[in-house]
Amino acid sequence: MTEDSRLTVDAPDAPLAEGSYVPAALPVGLRRVPSGVDEVSTEHLVVNFGPQHPSTHGVLRMIIEADGEEVVGAEMSIGYLHRGIEKLAEHRRYNALGTLMDRGDYVSGIHGELAVALATEALIEVEVPEKAHWIRSLMSEVNRIASHLVWYGTFGLDAGGMGQFLYAVRDREMLLDILEAVSGSRMMFNYIRPGGVLADLPQGTDRKLLEFLDLFDIHIEEHDQLLGGNEIFQSRVHGVGVIDKETAIAFGLTGANLRASGVGFDVRRDRPYAAYDKLEFSVPMAAEGDCWARYAVRMEEMRQSARMVRQCLEGMPEGDFTAKVPKVLRPPAGEAYAAVESPRGEWGVHVVSDGTESPYRLRYRPPALFALQVVEAIMPGSLIADAIVMAGSVDLVLGEIDR
Amino acid sequence: MNMILVASLRVIAALGLMLLNGVVLIYMLRKVLGHLHVRLGPMNVGWHGVLQTLNDVLKLLTKEDPTPTNVDKVLYFMAPAIVFVPSLAAYAALPFSKTWAISNLATGLLFTFAIMSLVPLGVLMAGWSSSNKWSLLGGMRAVGQQIAYEVPLLLSALPIVLMVGSLNLNDIVAAQDRVWFFIPQFPALLLFFIAALVELNQTPFDMSEAESELVAGFASEYSAMKFGLLFLSEFSNMFVMAALIVTLFFGGWSLPFVPAEMLTPIGPPVIFMIKTYLIIFCFMWIRGTFPRVRVDQLQQLGWKVLLPANLVWLFVTGLAVKVIEAVAR
Amino acid sequence: MHPDVTAITSALRAAGVTSVEVEQTSLGVIVRPQVPELAAVLSALRDGSSVFTFMVDLFGMDTGDAVELTYHLRSLSRDEEIYVRVSVAYDGAFTSVWEAYPAALMPEREIAEMFGLTLQGHPNPKRLLTTDGLDPMLLKRIEIRGAEEVRAR
């Protein structure tokens, strides 16, 4: 586990072997081993993990072809949560797009709202006040901790542990209370609007957050000990589900998953938005690309997020929390792409405007969809138990994948 | 006539104990796991939810019991019984006190192990006959781990037999009047505990019903009282195994420095139960904390670690027993 | 962040793709090849000196005349982004680029079902998100029916 400098993309010790990727060498899950009787006269078993299964994080359906306990072919079947968000967005005003994004990635709604707000702001060219930037960063990081806690808990569940989930939920509960106090909702925030944020932070938010952070600094070590310090857990994740650097790039992996594979791209640092250019944080990286690397990177990200929340509280400037924007936004015709670093990776929103009050086309880039493809590709050859851990390690949220 | 009456009364007593144990253990599991997980567990039915389990038993009894269409009918109906009966029979040799035992068998230890090893047969039947992929995988795993861990389990009890020179559980308890065997036999206790966890399908070795992998494993297709029997036998096995640990390593119904005569008649069974429940608490503690090992890791642990370690410890114990005998002579 | 237009043009020329528009817009640099040239353009961008090996996103848009596919590429080593756009006629066909960019596997399936296009050269060209028989819903001519349904109730 290494922490890198500000500039990592060209880090000398980690040259990107670009272009060296050979598709045929990859065990793409779609190349299925034909089902039937092979030479030792055993039959392959096709099992459906999901859509209703205890460990499929919502409604993912993994069609796994198993030879005994070994996975020989895997296919991800998604769409059970498809709500047509991209189509609906073409019938919503720009102000209302945030609500749709909340329902995309329901575990980290703030990030979706922020992405769509940034894209809209790029179209209407509004100057966002400084304080709004800071509040956005603050809320993003608070939401990131809450989201990573869910991942931490469910990842442990996938590995067969039970305790850590409830400990994680205990901490997340405090964060959700704070998020509710700020935005009025526990998960569907609709707090970040084009031009700024919905409302100023209520009185006492900083006190509550500091209280939480003082606890969390202790609790995060507790979490790390409870799961990461467990010998059994370590033997389950070390060397399991290795995604090497070339595969990660070729499959468009982003976020913590990409950084765990040794590629240092972080939207917060490399395409700064909100107040991230004024915050001090390091981007955790690991080179192994296995489940343990992803675990370690995410745990460190939580510590960094806590650090950033403190900085945001200290550096919070005075001023307006939103710019003056008209009630009905009519951006001029044009296109914009804005990306934020959501807990699952790069959440990009591509908005095409035709000058009317709702977007002509809105596409959002679901980072977990790309992670899902990698899981599909690396799954064959592992054991069923490992396949579950792999799918858990990349942090899938089906609401975001299915849209 | 009298013989038959006594025998029937004994069976009924065992059955009652088993059912009562099941009810208490389910409640205990919920409460222990709840408090380990910073929550409260059942709270609404009765004082602190004490009647919750009763409620659930009632639910299981009155529930509709659908049979899936493609099951192998005979095996499907037999499996819960075959799982349940050995669990019940395993109570036969447990010594609750010097005189309180359903049957004072000369080969009590052997009998308990033998009868407990019938359980996975029923589990495999349940897994196979359900014609469900999860059940099948669960049943196969159960048999795999049973074969792998039967040997270490027996081997880790052998040093005790060497020291005592008897397979009678009461003799084993009586031999611990000066020092409980967990002090000289601590490695054997560890090995026995691990093997017992595997035999019981307890976390971290709950392969055959690994929830995050196999949904509910071999019990996926069972509902109502058939599921109830599978469930009950699991808890009863837990009790039997904990009782064996208490008998072999923690002095059974005896207390240190207290002569047995002072405790009679009700003392020894109470002590025995308390000790057993403490061991069960340890099982639950592990269950609330640990993740699950992988199937191949489980097998490696069994064959590559536990078996050699057991043989080494058996050798050491045998040597020590002989040396002590020689010195004493 | 935005690559140099002339450099991209000359790089594409060197790779043998001559009749390609490269323009700088407010969004970024957009390369507009014809459908047959797409594979050549993508491989030139991926393997050339600019090394656009990372596919950020792939999505379609109904422009009113045709379906426009946008390949959003990124070069991690040069920290540059570029967009490649091709137009595909309604009910037309497009070829998968998954051998160059495996990231496109699922987005391509999604485009095919959402815009009613035929996907060629894909290892698993099934529908991704919706079931058989549903309209290609992201086309502008397909209307959402919520309002009528509420009124009819």
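Think of it as A, B and C in the order they're written, each chain with its own count starting at 1.
In this section, contacts are C-beta pairs under 8 Å (C-beta built on N, C-alpha and C of every residue); 3 or more make two chains touch, one makes a residue touch a chain.
Bear in mind the structure is a predicted one, so any value in this text is a computation, not a measurement.
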Inter-chain pair with the most contacting C-beta pairs: A-C
Most distant chain from chain C, judged by the mean position of its C-alpha atoms: B
Whole-Å separation of chain centres (CA-atom averages), chain A against chain C: 24
Separation of chain B from chain C, taking each centre as the mean of its C-alpha atoms, in whole Å: 61
Whole-Å gap separating chain A and chain B, where each centre is the average of the chain's CA atoms: 44
For chain B, residues that touch 2 or more chains besides their own: none
Residue numbers on chain A that touch chain B, as the complex places them: 45, 47, 53-55, 69, 156-163, 165-167, 170, 226-227, 230, 232-233, 235-236, 383-386, 388
Contacting residues of chain A [partner chain C, same complex]: 9-10, 16, 18-19, 21, 23, 26, 28, 30-31, 75, 78-79, 82, 84, 86-88, 91, 249-252, 263, 265, 270-271, 334-337, 346, 348, 350, 352, 360-361, 363, 365, 369-370, 372-373, 377, 402-403
In the complex, chain C residues that touch chain A: 1, 25-28, 46-47, 51, 53-57, 59, 61-62, 70, 72, 76-77, 79, 98-103, 105-107, 114, 123-124, 127-131, 137-138, 144
Complex contact set, residues of chain B against chain A: 33, 36-39, 133-134, 136-137, 203-204, 206, 210-213, 215, 287-297
